[in-house]
Amino acid sequence: MNPDVLLSAIIFLPALGALLLAFMDSRAVSQIRAVALGFTVATFVLTLLLWGQFKYGEAGMQMLVVKEWIPTWNVFYRLGVDGISLPLVILTSLVTMLAAVASWSINKQHKGYFILFLLLETGMLGVFLSLDFFLFFVFWEVMLLPMYFLIGVWGGPRREYAAIKFFLYTLIGGVLMLIAMLMFYFNSGGTTDSFNLIELAKAAAGTSETLTSTLSPNLQITAFVLLFIGFAIKLPAFPFHTWLPDAHVEAPTPISMILAGVLLKLGGYGIIRVAFPLCPYGAYYAAYALVGIGVFSIIYGAFAALAQTDFKRLVAYSSVSHMGYVLIGLGVWKIGEATGKTVNPDMWLMGINGAMFQMIAHGVSSAGMFFMVGVIYDRVHHRDLNQFGGLMGRMPLYSGLAAGLFFAGLGLPGLCGFIGEIFVVLSAWNYSPTLAIVAASGVILTAGYILWAMQRVYMGSEYKGPHSEDITPINGRELTVASVLLAFAIILGVFPGILFDMMQSSTGALVDSMQLGYEKAAATLNELQAMR
Amino acid sequence: MVGETLKFWLMIAWLLPLAGFVVEIFFGFYSKNPRHSKAAAWCAVGCIGIGFLCSANALRIWGNANDWCVLEVAEHSNAHADPAHSEETHDADKALADHDHSDADSAKGQTAYSGVIYTLGVFGSLEVTLDYYIDSLTLVMFTMVTLIATCIHLFAIGYMSDELTDEYVDHSAHTADGGHVHRPGRFYRFFAFMSLFCFAMLGLVLAGNIFQVFIFWELVGICSFLLIGFYTERKTASDAANKAFIMNRVGDFGFLIGLMVLWTFFGTFRFGDTVVDDQVVDQGLFSMVHRDNTGNLTREEFTGDVLITDTHGHVLTNEDGSNRQIPYYLMVVVGLGIFAGCVGKSAQFPLQTWLPDAMEGPTPVSALVHSATMVAAGVYLAGRFFPMFVQEVLLTIAYTGCITLFLAATIAMVATDIKKVLAYSTISQLGYMMLGIGVFGWAAGLFHLITHAFFKSLMFLCSGSVIYGCHHEQEMPKMGGLLWKMPITAFTMLVGVCAISGFWVPFGLEFSGYHSKDAIVASALAFNYANPAHFLLFLIPLLTAGITAFYMFRMWFYTFVGKPRDQHVHEHAHESPWVMTVPLVILAVFAWFCAYGGESGRLYLMLTGDEPAHVAAGVTAATAGGIVLPGHDAIHAVHGQAGTWALIAALSGALIAYVLYGTSVVNVEEMKRQLAGVHGFLANKWHFDELYDALFMKPAHKVAAFCAWFDGAVFDRILHSAAKATVIVSKWDRVFDENVVDGFVNLIASATQSVGTSLKVVQTGRLRQYVMFIVLGVVALFAVMFTTFPG
Amino acid sequence: MQPDLSSYLFIGAVLFVCGVICMATKRNAIGVLMGVELVLNGANVNFVAFSKYTALGLDGQVFSLFVIVLAAAEAAVALAIVLNFYNNHLTVDVDRGNKLKG
Amino acid sequence: MSWFFTIFALAACLGAVAVVISQSVVRMAFWLVVSLGSVAGLFFLADADFIGAAQLLIYVGGTLVLLVFGIMLTASGPYMKIPASPAETVVAGLIGLMFLFMVFSTINDVDWNGSKDRIMAASGQTEKPAGFDDGSEGNTLRPLGFALLGVRPDVKDGAGYLLPFEIASVHLLVVLIGAAYLARAKRRQDVA
């Protein structure tokens, strides 16, 4: 298919579905579900098509689409895909599709739910595919609103609180990003390429032909900090994470799946696509903070998870813990003080690849974990860890699948969680032995809270909570979702090369360009000092 | 070429159990009659049995390819070896039987093969792969694991047969109302997990790099978790499963640190060099560190850093021309890190507490996972990674092993649960192996690993048979006098007990444990002679050899002889069916004879065929730590002496056990009362569980609670107060808005209105007046104009 | 006395003032209308005078022409309004139409 | 010539004054005719023959007739004379006189010839526009016609009045319709 059409179709097909749903009778629930599911499946097929057309080994952007949008402000409709965004796009459409299947459990206002759901998918895919900073920002915000309503209307008892908390946090992040965006725009002269992420990145590395003026090293630091906070909120990293447990706990199951499976990845993606290439010097400057925050998030999230009694909250904190690895992997950039060159750049490359893998892996495993929590919640309507037990006997198949997905989250080899974590940790010693050791100790805590939770829920002699009579074996629909996720977890865990092959050219190019960018900024600083 | 063939056969042996797992778990669940069919069990037995045949075949191919040079060379130096009696001793030798020994003088060719199975990820020059590394140790381990696993699978068909029901009553699991748990049987699931375990264990052995070892390390861990927690309804079982996994993770944390250092400084995980057409294509770790002729690592003169070399011993350089090197202390960290993993897996001090609890799993699991294979994997890894260990690490290993073997043996003396006795004995024996490796008796440690695997799995199966025959009664105080109720079990168990005690029998029919334990004690003695400061490393194992014999015979006497202590148990006891006794007999044969010939026997020679190069000569020059390590000759010299001491210790231990438990000369209960303090201390396992609970578990939960509290109380409070502040500000804003801003607007409005009202009167509505006003206005305007701008 | 610009302007002024007074004093709506006509004529006289005596040229005449046309139109509409007013109030007294009184 | 001017001027002024003074509407109409007709005469004297003709035709012949029709339609008995209050009359007269005085003084103060020269100098004209009071032309009809059609032969680069002319025509049409609508006979409604 023509790339212009394909990329736009991937983004806007769900929106089209939402439009179609708007004209349907709101009482025709099964048709609404079928149409919504149909559109998500179609989108998934399109992303697979995209994968088919993707050329391995090319470092740059592929299937570029450039159309004028708001010429007065130099805003363009720029789309493209590379090895970094492609896996995330596929993950998004996959998780959304599965979440659509999981949405059968939604029991009110189906029409509105699915319309918002599909709009959300459009926003997410748009963020991953857009290459124009403004367009990126627009899609970023487009995502926000449906999510707000999905939590606020279809959520649990404290849904309004959670929704507003989520909304405010993300909005603050968006505002910080907006400031940074304008910094870049005006510092690069406000020309036609001033919103072009690719050219801005090239300009930072000093290889751009169209943009010559860039941020000074000090401004780069400011811009990076702004962008980083914006993305760290989404990630979520340690001091900005408190929206996550509330949002997850209150959101309905499929929305939790999307939140954990896709939305958190936007933070990591933003760092790797925007913050890093656009301000390499700032990135290096803040690298220690990045890794430090990542390590702290791992330990803190794991400890917090250990103390939870709400099943879903535990899984939510496990997300905080797991996403810490992403920050570590991205940040392990060490520059020799004497040489000014990167020490062991391959280690950093490995860290970035590991971080990317961790994002995908976490997308699969945490979506699975949330779904598994949702399955049992649909039956017994509570999530108190101390009131479960004995599910292994009552729902053996469900428990088996859940065990698989939880093991994936625990980082068991052969399942997806392992590869990302271990590669990140392996790359960390080169950067800082202390932080690496602390990060590695996370394996103990992770095992602790996951196994303890599994023991309380699945093992034991009998079920201890209310609604014991409602515990029925897993049904076909739930089985499909869970087994697809588990299958992906196994495939990714056994053949991680599938992902690494896809992204290694792009990540390699990123590492190279950032090193160039750092050297350029360092040269500027030296000149300044020489002048003084 | 040979490497490819070996890889082919071993891969089959490795992957068949995985296929078996998939079939069993799905077939078991979806088959028509999952609760009554033994098909899953036969499938599992088939898979692992074929795996055994493949391994044996691979061993044969390997031997043929290098003309059994391992054995030939050895025969020249050990004249008293006797190949004529070798047939029944070891499976490898069966293949040997058809072989012609004409090529005895040929030099030792290539015996280790390694290569890539597939790539996990490539990052610039870094490459993470799944490799295979096949040498004599791999092959012996493969054969041993598959053989024992086959026997145990067979045994388990009988042992687990009461799971073949729709309504299994678990007497150990209680519901809230005091009843027993009723559940469907889970026969197929057990065998599926067992198959998965076999896959993971074989993968661990086949692994060609340390990272891959870590992968399968974790996988065997999770299989162990699943199998320990097989009776998920029992709280004790799930607790034990968690404990096992988490304590292993503590060890793996160290393992991971070792991996990180290796990866950062060496950039590879491979063990050996990958050789294609006599060219080294990928250099492995073992050739990256070079040892000089004293057996020490080549180090940089001033900094003392260890130099990293290529296969020929030339120092590799970085891009900027400096030498590639790793600080010496990091070599210690690597060694200790990897060893930490071994400590966790092999239940060494201080992570030993999980293994006794792991006995909650079904007995075949204890036999396979927690005695013969998985727990021995730690020793295997220590042996495999031996070339990278420096003296400090070896000393740590030795002391860890020494502490462990004594600790566990003392606890075993007072344990009453038959499986717990065996579990502590396992820990103790693993300590022996570690000690052997630590005192440079590389071959001795691994030798004991193999022999121990046979006799300990045998004893576990025997205990399983007893438990099965006594209807799941595990407490020895309730047994007694079972000798003629279940004779096969009793006598095979006696073989195991003698083997572990290391009894000598004339005419070369010594029990296998005699050879292997002798080797370890000899190494320790040689080490003691070389480093007199570390005399405890010899004395304690020697003493413990006596304790071992004591508690083992205590167990045997307790169980099988004397008067029946529980009439009910005794009356219902019966011998197990053939499917359980046949494996016992097979294993008993191996437990007795597998080490036939001792250090000139086939097994030992096979095992040491690919011994690390520097082991034979020892480390002759002391380094800063002052440790000198004995070579082969030094060990050989003290062999007879050590063997005698060990035998005396074992015999006296057995004698004391007979006096105490075999006869009624001494009242044991009375003794127990008199030594209540010691007994209680030992029975409470030296209070390690309480200690760890207070040291780690409680603080961890405290910290966790703090983190959770912190989130709610600090972050959310900040957030909420920010929100409240916003609300207050907005309230004030409202007041301001309503009073000031609105007031101003209202003022303007009312002023306008009053002006309008006052001007209203002018608005008469009368046309003519308007005209007048206009005219007046014009006139006035002009008048003003003329007066203001005259002229 | 030859007429000059000023004399025309004087005449225009007289007409204008008469028209204004007419508008101001007459209560009859039609009288008011007549006043308007006078005012317009006064203006016209000025236009024509400027046309003749100044550099304005023909433009003054064109303007006066438009004034005449507009005056006619205005008269027509005003009369129609007056008739409407008469229909509604049965009088033409403009003082009766004081609905706009504030 | 000056005689004629004096006569017409007096007639116009007196007629206007008479309009103001008359109490009867009909008389007022009569005096208006006199006044406007005189103004037409003044136009002729000022060489504005077409305007004079138009004054006669449209004002005297059209508008005044219209007014008379209006008077006839509305002049029912009591409304022929609606006397104003004497005070009003006095005030109006005073104000009117002030106004008159003001205008007169203004006219006298202005230096008309000087201003004419200044205007001509500013607009770059040296002569009076050609084709206006040129005897051979005889009248202003032709240049007016051209001017209304957008052509100005008398002024260099001058713009015509085609657009205002057209607007006026449309305006007249609208007025026609509007007047007809407003004045149409309606059914009587209650005067409440």
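General observations
In order of appearance the chains are A, B, C and D, and numbering begins at 1 in each one.
Definition applied: a contact is a pair of C-beta atoms (placed from the backbone, for glycine too) under 8 Å apart; a residue touches a chain by one contact, two chains touch by 3 or more.
Nothing here was measured: the structure is a model prediction, and the numbers come from that model.
Chain nearest the geometric middle of the protein is A, using mean C-alpha positions.
More contacting C-beta pairs link the chains of A-B than the other of the two pairs B-C and A-B. If you average the CA atoms of subunit B and of subunit C, the two centres end up 116 Å from each other. One simple way to say how far apart two chains are is to compare their mean CA positions; for subunit A and subunit B this gives 34 Å. One simple way to say how far apart two chains are is to compare their mean CA positions; for subunit B and subunit D this gives 118 Å.
Here the CA centre of subunit A is 85 Å from the CA centre of subunit D.
In subunit D, the residues that touch at least two other chains are 88, 92, 95-96, 99.
Multi-chain contact residues of subunit C (touching two or more other chains) are listed as 20, 24-27. In subunit B, the residues that touch at least two other chains are 768, 772, 775.
Which chains touch which is summed up as A-B, B-C, B-D, C-D.
Every residue of subunit C that touches subunit D in the complex is listed here, in rising order: 1-3, 5-11, 13-22, 24-31, 33-35, 37-38, 41, 44-45, 48-49, 51-55, 57-58, 61-62, 64-66, 68-73, 75-77, 79-84, 86-93. Against subunit A, in their complex, subunit B makes its touches with residues 29, 118-126, 128, 173-176, 181, 183, 211, 214-216, 218-219, 222, 225, 229, 232-235, 237-239, 241-242, 245-246, 249-250, 252-253, 256-257, 259-261, 263-264, 267, 320, 700-701, 703-711, 715-716, 719.
The part of subunit B that touches subunit D in the complex is made up of residues 768, 772, 775-776, 778-779, 782-783. Touching subunit C in their complex are the following residues of subunit D: 1-2, 5-6, 9, 12-13, 16-17, 19-20, 25, 28-29, 32, 35-36, 39, 42-43, 45-48, 50-51, 54-55, 58-59, 62-64, 66-67, 69-71, 73-74, 79, 82-84, 88-89, 92-93, 95-97, 99-100, 103-104, 107-108, 112, 115-116, 119-120, 123, 125, 128-129, 132-133, 140, 143-144, 147-148, 152, 154-155, 161, 164, 168, 171-172, 175-176, 178-183, 186, 188-189, 191. Against subunit C, the residues of subunit B that register as touching in their complex are 756, 759-768, 771-772, 775.
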